[in-house]
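Heads up, there are several structures right after this.
Both complexes shown next keep chain A, but they swap its partner, so chain B is in the first and chain C is in the second.
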Partner chain A sequence: MANKKVNKKDITGLLKEWGQQFAVFAPSRESGVAAMAEWDGKDTSFLDWYRNTVVPPKASFLPPMEEMFRFQKGKEGYNIAPPPKAERSQLLFDVRPCDARAMAILDMTFEQALEDPYYLSKRKSAILVGLGCTNPCESCFCTSMGVSPAESADVDLMLIDIGDDFLVEEVTAKGKELISKTSGLKEATKEDEAKAKQARKASYDKVTRKLDTGGIKDKLLASFDDEEFWEKVAAKCISCGICTLLCPTCYCFDINDELVKQEGTRFRSWDSCGFPNYTKMPMENPRQEKWRRVRQKVCHKYEFYPMTFNVIACTGCGRCIRLCPVNWDITQVIESVPARTEAKK
Partner chain B sequence: MTVADTKFFAQGNVYLPHIAVIEKIVEETPGVRTYHFNFKDEKLRKEFTFQSGQFAQYSVLGTGEATFCISSSPTRRDHLEFAVQRVGKVTNALNRLGVGAEIGFRGPYGNSFPIDFLKGKNLVFIGGGIGLAPLRSLIWNVIDNRDKYKKIDIFYGARTPTDLCFKYDLEAWDKDKTVNMVTTVDRGDDSWKGKVGLVPKILEEVAPSAKETVAIVCGPPIMIRFTFPALEKLGFKPEQTLTTLEKRMKCGIGKCGRCNIGNLYVCRDGPVFSYAQIKDFVSSEY
Partner chain C sequence: MEQKLRQEAKALLEQNKVDWIIGFEPGSLKFTATPLITRDKNDTERLIINPFIVNNLADFLTGIKGRVGIVAKGCDSRSIVSLIQDNKVAREDIVILAVPCLGLIDLAKIERLVDKDRDELDDITREEDKVIIKVDGQKKEFAINQTLFDHCIACELPTPQEYDILLGEPRPPAPELEVSGQNIEKLKETTPGERWEFWQNEFSRCIRCYACRNACPACFCQRCFVEETEPQWVMPVPRWQDNLIFQVVRNIHVAGRCTDCGECERVCPVNIPLRSLTREMYDIVDELFQFKSGMDKEAQPLMTHYEQEEAEDLFR
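Let's turn to the complex of A and B:
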């Protein structure tokens, strides 16, 4: 199958064309931090500054705050109505391979057993257009987590920087179909493919941070009750929640009601296992102590998710390392888990 | 072990509650009430099914949702019941509602007591405080099919005689010759004639045989923590001990991340667990 290419100068036109069918989202700093935001129809300066978003693109499918339904009390009692569905599907432009993988990991939870209609209706109708990294951060360790910075099977289309052009790879049938209806793309030549191959390797080699995750699930299980170890790991954490709220594979949410006169909404909002109230029960709190909460965060990703879904829920995106105010570092933690075979009690 | 059935989704969306109407309120103790209710929708009222041990998310719309087990038995289906200890926002809002008020209900969620595993065995029920609510659903279920089970012991404890929930049930089980009912309180009063002492201690005194027996435990975490070792001393293996766990819940269906104990979500994989399943984590996560 021959791939296509698009000249960098033609990106505006391409997004405009896609914008007729989709709500196009692209990296933006409009809100103060880099995040996916609805494209304004002209600005493509993100192509210059973009490394990755601070807010992961999971926010497109699991927004920080989301209405679940409205209710109204009338003469006949309560009336409940879900919010109207979005008119147009989303097209996310320039998703990084680590974040695309993260959404595949989130799908496992939202699809399992009872399906989550809010997440899945948005997710399944969306198109992901990936963009290979040319300039990974020092904190990135995706290559240790089975992700390659300029390759992805988790997007519909994948763009790779080959100089004046982006190579456009058709990854899924959905992506292929979109390309067949898109004008202005040129056929990629053999030289283009060769350049892309080189670019993929160059990106891969630029990720210098490495993490050995061998046997981590069992090591964590054996160290679960090692309070001394976890106390040390958690010592400097200030429980701000950033590393979880902005982690692309974290999905915890809270549910609350808001009532104005007789009309109300129920909404959900991001939550974090790092917060002490998260598990607070009327009579007691199983995770009052900070080390228990930090243990939960680490074990959920590297022990529990593998136990349930056979995959580590971390893609090495490095956000939790870059954004932590006290330089807590998940790679250091994982490396320091004792290699014991018997459970420490 | 199943998660909730999609056929009881409101409008095809797992998060939308059905509207139910409170039909009766029973004052159990100064802080605990039982609510009898039925669905507003005629069809759902007829078709709704559940199993002992399952729970639901109940809402006071505008205040929020809270998790309670269905405390009535599936063998007695003219209405449904849940029992509530008043502790916070939603439970206090429920307390302000009267007969005829509308509440939201989504469920049933979670697995249930493994009836087929229990059949033909001796059963030892061990409950504390409001923890009798889920056991009560199973106890009536078992009594309504009495010939399918062997010996039945019920141990139930509360802090004081006034804190005993479901007194009408305790009386009925006490009178039932096919059931051995042991009620205990931490502190008695002048009129108290039953046992005095914590449940695990009384359990060790009475010492029911572990042979072909399943113990089913539900109560406050502190009681659960002391009851497991007591049962082990009596010869109960971890596979022979069942419990229902309580964790703070929001979604009820394994999505919001809140209720985990190790790799298990209490809402998705429980709330009924064997001690064998949770042994690794229970010491430090419960």
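Let's turn to the complex of A and C:
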């Protein structure tokens, strides 16, 4: 299978062509924050961005807020109307490998563990076009989490910067099919492939933050009751939701009804285990103390998810480090988990 | 200043004058500092003071049990005083280690000035009247007021008034309100309709992470009104209308307590210019009541105190 290439100047044309079939989304700062937004038909400045979006592309499939259904009180109970389905499938352009892996991790929960129609209806029809990072950030540690900044098996097509062109790799059958219907692509030469190989390695080597996750599942298991350790780790956390809501693998949501007279809407929206109310129940709250919530967050990613799906639910995107108001750093926390043979009493 | 801080902090713990020290240590990323909250005297070796100690440490006081030695810039000290006024902390439980503050460097402004990501910068150094940025092997100089947070440019109290140990030469206040208030003035020149549209856009991207509230020392409610369910004042979904109500009510709740420390705006991950609301409220409070929060620990808290003679003006 020979890969294709596309000249950087032709990206506008490429996206326009794809736009005839898909709703094309690409990184944008138009809203005031870097996030995936419906492509405006001209802006390709995101190709030069140094860093990834602040809002992860999970928001395309699990939006911060979505309507689940509307309901109306009728004579014989409630009439329920599902939300209108999106007319066109999404094509997400410039998904970074860390975020692509994160969506594969989300699939385990929303497809394998249970079938979530809201997530899957958007996710299954979407095309992911990856773009390799050329400048990983100081907060990035993807290479420690099994992700390479300019390689991905979790997208349909993968683009790699090889100078004037992007090499276009067909990763999935879906990607291959799209390419077969796309005009204006050239065959990649052996030279291009060599450049891509070099670019992958160069990006990989630029990721300087390292995290040793060896044995972390067992270490966390043994440290579960170490209140002193967790209190120390949690001391500076202010219990906001930044690190969870903006984490590409966090998927918790809350469900709320809004009822006005006889009509209502059921919403689901992002929720965070960092919030005290997350586990609040009528009689008690098992995670009233901050350290229990911080422990939950860490253990969910590095202990519980591996127990259930055999994968750490962190891809090293570094958002939680970079965006944290107090510079609470997951890599420091994971490295400080004590190695023990037995659980501390 | 750092050496003195380390000695004093260590001594406070050694002499059992405090149970905790709250200060700053180097952060894990370039140009960052991170809060250090410790009972271990050896940790005091890591305490630092530099133009990146951005957090308002007073935020941690209400969540901690015991006596605390706290590093305080002017704004932190005002928040501490405000908490004392509200009886949230007791003066005798706190030892204030006062830092005469030179102002804090706003990395977002630096990024805009040099059109580079913070990761691409080699160095940022602060001198008395300028900031020097090393990037791509070149040195670029900028005037202080181009590089500081707006709330620092507006600072009325660089050196804490209320303190126990002063860590350096006091600095006189030199607020430049015209520079610091540019965004707010621009907003005030727009029509109410334009302003409504502006805030609608801004609040459309709020994700309700509550970092603004949680980073705010004045937001000390045990239970925030947004979490009330009976009645439910706002929906907990991030819809712009609910987001706006949340922020407006939060702003009213901290009126007379907000010290314009700028934390709400700094921590917002989606860049909502929250200080445009809080600073305006700060100025309104000053204009209506001649009250600046956190300046005098003996003063009665503005919103929970009532003088008989106020009746004429306020209760009509």
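Methods note: the second predicted complex is superposed on the first by the 341 of 345 C-alpha atoms of A that agree within 3 Å, B and C clash if a C-alpha of one lies under 4 Å from a C-alpha of the other, contacts with A are read in each partner's own complex, and residues count from 1 in each chain.
Throughout what follows, contacts are C-beta pairs under 8 Å (C-beta built on N, C-alpha and C of every residue); 3 or more make two chains touch, one makes a residue touch a chain.
As the structure is a computational prediction, the values presented were derived from the model and not from experiment.
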Just from the overlay, do chain B and chain C fit on chain A, or is there a clash? fit
May I ask you to decide whether A:Ser336 touches chain B, chain C, both, or neither, giving the answer as first, second, both or neither? neither
I'd like to know which partner A:Gln288 touches here: chain B for first, chain C for second, both or neither. neither
Chain C versus chain B, contacts on chain A by residue: B
State whether A:Asp254 touches chain B only (first), chain C only (second), both chains, or neither. both
When the two structures are overlaid on chain A, which partner does A:Ser45 contact: first (chain B), second (chain C), both, or neither? neither
Touch test for A:Ala235: chain B only (first), chain C only (second), both, or neither? second
With the two complexes overlaid on chain A, check the angle at chain A between chain B and chain C, Cα centres, nearest 10°. 90
With both complexes overlaid on chain A, does A:Thr189 touch chain B (first), chain C (second), both or neither? neither
Chain B versus chain C as contact partner of A:Thr208, first or second or both or neither: neither
Contacts of A:Gln198 with chain B and chain C, given as first, second, both or neither: neither
Rounded to a whole Å, what is the shortest Cα gap between chain B and chain C in the overlaid structures? 7
What part of chain A is shared between its chain B contacts and its chain C contacts? 254, 256
Chain B residues touching chain A in their complex are 3-4, 6, 10-17, 19, 40, 59, 61-65, 85, 87-88, 102, 104, 220-221, 246-248, 250-251, 253-258, 260, 262-263, 268, 280-281, 283-286
Note: in the complex, chain A contacts chain C through residues 31-33, 35, 50-51, 54-55, 64-65, 135, 137-139, 235-236, 238-242, 245-246, 254, 256, 258, 267, 269-270, 272, 275, 277, 290, 321-323, 325-329, 331-332
Touching residues of chain C toward chain A in the complex: what are they? 27-30, 32-38, 55, 59-60, 63, 116-117, 119-120, 201-202, 204-205, 207-211, 213-215, 227, 235-239, 263, 266-267, 269-272
Complex contact set, residues of chain A against chain B: 68-69, 71, 73, 77-78, 80, 82, 109-110, 112-118, 221, 224-225, 227, 250-257, 259, 264, 266, 268, 271, 273, 278-284, 286-287, 292, 296, 299-300, 303-305, 307-308, 343
